[in-house]
Each structure stands twice: as C-alpha cells, then as structure tokens.
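These are the structures, in structure tokens.
Next come two complexes built around subunit A: one with subunit B, the other with subunit C.
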Partner chain A sequence: MSRLDRTRTSAHQLRPFFSSQNLLNRSDGSAQFDFGGSSVLCSVVGPAEVKLRDEKLDKATIEVVARPLVGLPGVKDKALEQNIRESLEPLILSGLHPRTMLQIVIQTMKDDGCILSTAFNAVILALLDAGIPLKSILGSVTCMIDAQSSEILLDPTTEELSRARSTHVFVFDNKSSVQSEQGKMNVDTDDQEAGTSSLAAVLFSDSTGMFTEQEYFECAHFCFKASQAVHGFIRTAVQKKLEKEYQQTQA
Partner chain B sequence: MKELEPSTNEREFVLAALRDGARIDGRNFYDFRTLRLSFGADYGAVEVQLGNTRVLAKVSCEVIRPFPDKPTEGFLMFNTELSPMASPAFEVGRQTDEEVLVSRLIEKAMKRSRALDTEGLCIVAGEKVWSIRVDIHFLDHDGNLVDAACIAAITALQHFRRPDVTVVGEDVTIHTLEQRNPVPLSIHHIPICVTFAFFDNGNHVIVDPTHLEEQIKEGDMTITLNVHKEVCALSKAGGIPMELDQIIQCSKIAVIKVAEITAQIEAALAADAKKR
Partner chain C sequence: MASTTDSLAASPAFTFSASTFQKLHPTEYFRKFISQGVRPDGRLLDSFRPTTVHYGVITTANGSAMVRIGGTTVVCGIKAEVAEPKLDSPDQGYLVPNVDLSPICSSAFRPGSPSEQAQVVSEAIHRVLKESKVLDLKDLCIEEAKAVWALWIDVVCVSYDGNIYDAALISVMAALLNVRIRKPTYDEGIVKVPGGEAINDENSFKLNLTRIPLSTSFVLFDTDLTLLADPNFAEESITQGQISVTIDEHGRLCRISKVGAASTSQSLLKQCIERAKIRSHELRSIMNQQ
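Now for the complex of A and B:
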C-alpha cells in the first residue's frame, strides 16, 4: 500500500534520516535530527554548575528543557521533558560527575509527526557530541495503527496520524540488539515476532488509543526492527564525525 | 549559570586591536557578519544565521475575536523568550534584563512601526480577525541578537501565507491550503535594525558586535530604519553619552546597511519563491 505522503511505498518504510552534530557554538554538544519533515535541534551543556537545591551528592542532576515550535511551553512539553529525562537517567553514567548539572535543551524546528521519537534521537546524538559518558545509545521509532485498515504504519506523518486508531512510541537501547544477535534469535522470522521483541530492552514505550495485546507486540516488533536502522545511522553519523575530527587533527 | 567575564588580557587585546583599526574576527568596523537565510518546508519558517548567531522565526495564525474598541484590528504578537540553548546564562522562567530589552526592542521595531497592516487582518468587523503570532527562537548567541531576530521576524512575515477566506453574509469559510492558494500578509515596509557598539568613549564605533565585543563595549545603540530612509525606532539605553554628530554619522551608516540587508532578504525570498 502506498503511503499518504507519496514518497514512501511501504507501510514499514521510515522517512529519510538526516543529522548534523556540533552546529551550535555556545553549548558543549548539539545535534539536529530529522525524520523527513520533522526536525528537532538539541543542545547539551554539562557537566556544569548546579543550583544548590538541585544538587545531588552522588550523581549529576539531569535537567531537560523542551521548547515548542509555536507558543509557550505547555503540558505537552512538560510531559516530553519528563519522558526524556526519565528514559535517559539509567543511560547516562551520572555517577561520574557528582554535584554537577547536565542540561539538555530540546527545540522543535519542524513538526510533521513523531516529535517524541525525533527528540529522543536528537538528544542521544547531542549527548554523544558533548562527550557525556553513556551506558549505551538508544534509537526511537514511532508507529501507528490505521483506524480503517488496521495496518501498522511506521514513522507516520501528521496527516497519517490524524487517521490513527492508536499510536506507539518505542525506544530501544543498542545493547539488547547485540544480545539478541548473539543469542541467535532470528529477527526476521515472522512467527517469532512477539518472542523477539520481548527480548529487546525497551527503554521507553508510550501508547495512546485502542489496541489489542497482539497488536501491541506486533508494533513493538516492527519498531524494534526499524530501530536497528536508527542505531546504524547514529553509529555511522558518529563514525563520520570522528573520522573528520581525526583528519583535522592530522592536518 | 553565570556568564564568564572576558579576562583582562582578552579585553585589552580586543581594545588594542580596535585602536589599531582592526576587529578580532577580521571585519572592518562597519561590516556585518555573513548573513544566511534558510527557509523551512512550510510558509513562515525562517532560520537566520548572522555569523555564529542563529535565530529561528516561525509565523502562525489563528482566528480570534477582536477587542470591542478596535473591531477591525487584527493582532500581531511576538514571543521572544531566550532559551538556555542560546547561552547557558539564560535560565528557564527567569527573565534577565537583557531579555526584556531584546523583546522590547523587537516589539518596538516591528509592531509599533506598523510594518504589518493589521487592518487587513480583519475578516468580519467586531467578530473575527486574524491573530498573527511570531515565535522567535534564539538557538545560538554570539552577539547582536536584536538584528538577527529582527531580520528573522520580518523575513518570516514576508514568507508567511495565511489561508484564504470567503465571507458570504454571516458565513465565513476558511479554505485549507490545498483548496485555495494561501494569501501573503500585506506589509507596509521592511524595518531593519542596525546595532552599533561604542568603545573608548565613543571614539570607536562598530556595527554588528559579537558576543565578546558586547561584553567589552561601553555603550550601544540600535537604529531601526526601512529602505525609504525612514527611522522606525532608535534605542540607546544607557551607556556612554554620545555627540549628536556621532548619532547622525551612525544613521548614515545604517542607511547603507539597511539597503544591503533588504536587498539580500528580497533575493532570498525570490529564490525561495522560484523553488516552490
């Protein structure tokens, strides 16, 4: 089935990724991540001075600030801040920088659906750019179930989301994907769908709307497979950046 | 987080360079940094880069009820909150003096100079008018936020298209972008801000100061002009006292700069219109 945005042919195709790192000068790390027409810019400052009341004796305080494209920050942005902060807390080795602050600012640049996923991917790229020690990286993909055809569409646009029965946002870390390969789990076998995805370490999952248990696991499975592409992309992006930096130091 | 003051060495170096007629980034005193404009996929989204300063402006609109005493006036609103993305010195939810000053200046330059025809935003008098909102996001702060924000805002307003409306009796139909070609806003003139910074009791005057230069300056002045050489706003909030001649001199420089920037904005808008 062709998609509403006419650039994609398959329901499980993601929009083209784009990223660029280190574009801001005043922050310690920054990155922009695009899923087609959606774009999020993220900046990271840290480890930096912490306000006394936020100070934690054994680890770094993580502060996330999300800013919408239009209007003043509202409930939606507060929810986004909390979702991202709580998913990142186990990932960042904050014990290495006690009594400091790590400030992450997220700015939506273009909105065409899947902002939460785009923000997650932008944040991880910005953290990598800032050189913040991490346990693993993450990759996020959103999918939806069409209200009429009950088909699962990956990385939907705003137009497609208006016809959704339910939407699901998943974040997977990259450690578990390595494990499932080592464990010789065949990710491509369709009859093992539920089994494979339950193996993957889900860092974050957020679903809205009506769906069955089976549909949820199917969504998790497809998003897990798609998140491999995101992981691969992040890896290449970082590799390219490091190669470039290395060449610059040699020159 | 507190801003670090430049060190005495740094300060002396910048000042010594200025006395020798040079700026640390190699510009002449009256040069702007390279201005880059890029447009988003949808109407009214513009990213401006002025050297390392980066500003994103996004225009949006909605239909609201006008004030009873001004039944035919539409609204023009600006949102200029400085986020910690631009500089860690900006805190969330706490306005600094600098932020208030920047917001006021932009509002003065754009709104009070009546650049946008707000009467043209009326749909049904006393019932429905358009409210135009300009969100200005500061992404990177390397000085001269006002000029960059002003260029971003006016370019975004020119780039923006609002949905077409038809009024038949009492019925108002708002056509989606697919149904009918959206219409541009009617803009009277294009105000452009030019900021000057003064050093050594006003002996050295520079245009478009960087962040470092802003930290060292002794005073500043922003002149808002349009291409017809009309002064829209002039703001000199504190700093060292200036001679009248110097202000006239500055305005003469500003006239040239405004013409250059306006031409660049027009060229960028024309190039974008061709692509669509």
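Now for the complex of A and C:
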C-alpha cells in the first residue's frame, strides 16, 4: 500500500532522518533534526545564571522556549514547551548543577507533520552536543490511524494527518529498550508472559482523536520498533561527530 | 557543658508536630502515609474526591455548569455569538475554549498573562473537542460562507485544589449539554436572532453532541511510581508525572497523555485505562442525576 507522499512504499516506513550538530557558535550545544520535510533547530545554553525567582536549591532549573515557524508563540507552543520540559526533567542529572539554569530553545524550521517528535529528537541531540549529563537517551516517533482504512501510518506528513482519526506521539528511552530485550529473553523460558513482558516502558505519550485500547497499544508497539531506528541514528550521529572532533585535534 | 549534653541525649534533639514535619519535609511526610496505603486527606490511593455537577448556574449565558471535585471548583459559561466563518471552512462554526486560572483561585497563580498551566489545559480541551469530533461543526452554520455560530467556552476556576483538567473538561461537557441557542433567521446578509419571549423548544435549539468525553487523571509518586487517582494541589506539587485518560460513553478513548516521571510500563497504562472506565461511569451517573 503506497503512501500519500509517494516517496514511501509501506505504512510503517519512516521518512529519511537527517541531523547536524554544533551549528550555532554562541550556544553551548545545538542540533538540527529532520524527519523528511519537518525540521527543528534546537540550542542549549547552560549551566548558566538563573533568575532568583526560578532558582532551585538542589538542582538546575530547566527552561524550554519554543518558537513557531511563523508568527508569535501561541498556546500550542506553550503545550510543546511543557511536554518537553516535563519529559526531560527526570532524564537530566540536574542535581549536578544546583542553582543554575539550563535553557533549551526550540525553533521550528520546516513543518510537515510530527513537529513534537522532531523537537524531542533535536533536543536530545543538542543536549548531547552540549555535554549535559543524562540518565538515558530518548527517541520519539509519531503515528496516526487513518480515518477510512483504520491503518496505522508511522511518521505521517501534514497531508496524511488531515485524514487522521487519531494521532499518537510516543517517546521511549534507551533504558526501556534494554528492559524489553530482557523481557524477550524471559519469553523463551516462560511463554505465558509473552504478551506483557515484551511491552516497552513509555516515557511520554500523547494521543488524541478516536481510538480503542487495542489500537493504542498497537501504535505503542509500532512506535517502539521505529524508535529503535531513531536511537540507532542518534548513536551513529554522536559517534561520527566525536570521530571528526578527534581527527581535528590530531591534525 | 556536660550537663547540657546529658539532657540532650535524654530527650530527642528535635520533636516537631505533624504539621511542622509536613511543612519541612512534604515528600517524606507523604511517603509515610503512602507506605500505609492511605493519603493525608484520608483517601485510599485509588479513590476520588466527592464530585458534584450543577447545570445552568449563569442565566445570562447560553449554557453553563459548575463542577466541584473536592476543593476544586470551576464554572463554565458558553456564549454563542454570530460570527463570520473561517475561509477554509465556510460551512462550519467554531469553538473557542479558554481556561482561566487567576490569583482568585489559588496563591500559586500570578496576575497577568495566562499561566502556562492554564494555556496547556485550554489547548488539551480544544484538541479533545476538535479531534474526537464532539459535535458536528456544520450544525453551527447559519448561512454558508456568510454567518456561523462561534461558541466562546470560558472556564473560570474559583477554587484550585488540583486536577484542573478533569474538572474543566466535565464542566465544558456539562455546559455544552446545557446550551440553548435561539433559532436565527438569515435574510439578505442580515442575521436576526429574535429576543424577548422566554426560551422554549420552538424558538431555540440544543446542541447535538455525538459523544461526551470525560477524563480521569492520576499522578505518579516517587521512584516506584505509585499511582494516585484524582490528585489534590499538595499531591500535584510533590509529584513529577501525570497520566490522563479521556474516555467517551461507549468506552472509546479520546485522549491519553502521560507526561513527566520515569518510563512507565504499559501494564500501568492499562491499569489507568481500566480505572478510568469505572470512573467515567460514575461521573456519567453524577451528571445524569441533575
């Protein structure tokens, strides 16, 4: 079954990833992440000075600022800021930098659907680029359920999203994938738990529309599989960047 | 010197009352309760606060409702206004939900532009209304490409004690059920809405809601992710993660959101969905009692 965007052949195919780190000179870390025609640029500044009002005695204050593609930031951008900040707070080892601020700025560069997922992936690459200590790395994928065919389409474009019955954004960290692999190993010994043990733990989930419980967990399953590709991509991106930096210091 | 150390050793160095302990170490205070399977306000971990719904509390609005969940009180008023349709949807009316969390309801909110939380709740309600197609927006059309009804849905929080999303969504749905709009007449570019006589079935219409989504929220406490249903303000401020499940009258899901805290297993999400199904049944019977 071909997709509306014509470049993909399967419902579970993602658009090509692209990433680039260390793009901005004046920030401590920056990265761009693309899912096909969607692109988000993210910068990280920190640990930096914090406003007295926001100061926390035992950890760093994390501030997320989202800028839309056009116009002034609105309610949607505020929701995006909150989603990203609250998902990152347990991930960042903010106790290492008490009484400081970590500012994350997200700028949408191109919008062709799945901006939240693209932003999550851009943020984690920027945090890695800035050398902020993290507990784990996350990867995000969006999927939708088609209103007519009830088929699950991964990484939909804006055009596809206009025909959606529901949209689902999932974020998985690389710890949950380890847990699920351990779960799979247990499956060999105990078949009865096969249904539940291979389910990965969810770091962030946001679904709206009309859907059933079964569809929701199916979406979670497909997004988890796809997020493994994102994790792999992030790993390679960081590896390549470090190799390049090492060569530069040698020269 | 020796005598003072003796007396210190005899009695504990510090003794505080329970309320002092609560102020100094809110999380530890809470943990002590949770380990016994109860919450400081006397509820069990999975029990909800008493909930009431009152319809038609604002007579000047087209539809209104007041909802109380424990110490949280919200009032929702809906005003229908004749407006020009948007260019890309000439035969559809529109809904504009707005949640107001002013300093009147809690000292946690500052005066000035709407807080982040208020904006996030407004956006969540807007998405549920729009994406789960709660009502057919074509019903709000008066004359295609000329005039439609715009529904201004304003939720004002009067008293804030946590779980604002659940309370706001119940009040919005109750107010939508309560809406009555006078039948307009369209004649050569002029929309007339007759006034004067009392509203009755003949000169007005009700909204035809396709589904009534209601939400159930939980917070995740501590590193072992203990699930607490219907959090109050104190519980919200010491926990990091929140799970909300929005469900309609047929048990179909309209929204699931899990934000913050560490990764949670999918069996925990299943547990939340099961609990939300029972709670939404209870809420529906509360809404029907009135």
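The rule is simple: the second predicted complex is superposed on the first by the 234 of 251 C-alpha atoms of A that agree within 3 Å, B and C clash if a C-alpha of one lies under 4 Å from a C-alpha of the other, contacts with A are read in each partner's own complex, and residues count from 1 in each chain.
Following the convention adopted for this analysis, contacts are C-beta pairs under 8 Å (C-beta built on N, C-alpha and C of every residue); 3 or more make two chains touch, one makes a residue touch a chain.
Treat the numbers as computed from the prediction; the structure is a model and nothing was measured.
The superposition on subunit A brings subunit B alongside subunit C with room for both. Between subunit B and subunit C, C contacts the larger number of subunit A residues. For the combined model, the angle formed at the CA centre of subunit A by lines to the CA centres of subunit B and subunit C equals 100 degrees after rounding to the nearest 10. After overlaying the two complexes on the shared chain, residue contacts for A:Y216 are found with subunit C alone; subunit B is out of touch. Contacts of A:T236 after superposition on the shared chain: neither subunit B nor subunit C is touched.
Within the superposed three-chain model, A:S149 lies out of touch with both subunit B and subunit C [touch as defined at top]. Once the two complexes are laid over each other on the shared chain, residue contacts for A:A201 go to subunit C alone; subunit B is not touched.
Applying the stated contact rule after C-alpha superposition, one finds that A:T167 touches subunit C and leaves subunit B untouched. When the two structures are aligned on the shared chain, A:K78 is found in touch with subunit C, with no touch to subunit B.
In the superposition on chain A, A:L69 contacts subunit B only, with no contact to subunit C.
Shared-chain residue A:E86: touches subunit C; no touch with subunit B.
Closest C-alpha contact of subunit B with subunit C, superposed model: 8 Å.
In the superposition on chain A, none of the residues of subunit A is touched both by subunit B in one structure and by subunit C in the other. For subunit A in complex with subunit B, the residues that touch the partner chain are 23-27, 37, 41, 43, 45, 48-49, 65, 67, 69-72, 103, 105, 107, 109-110, 112.
Taken together, the subunit B residues at the contact with subunit A in this complex read 1-2, 40-42, 45, 47, 52, 54, 56, 58, 60, 79, 81, 83-88, 92, 133, 135, 137, 139-142.
Contact residues of subunit A toward subunit C in the complex are 75-76, 78-79, 81-83, 86-87, 89-90, 166-167, 172-173, 175-176, 196, 199-213, 216-217, 220. For subunit C in complex with subunit A, the touching residues are 116-117, 119-120, 122-124, 126-128, 131-133, 240-241, 252-267, 269-270, 273.
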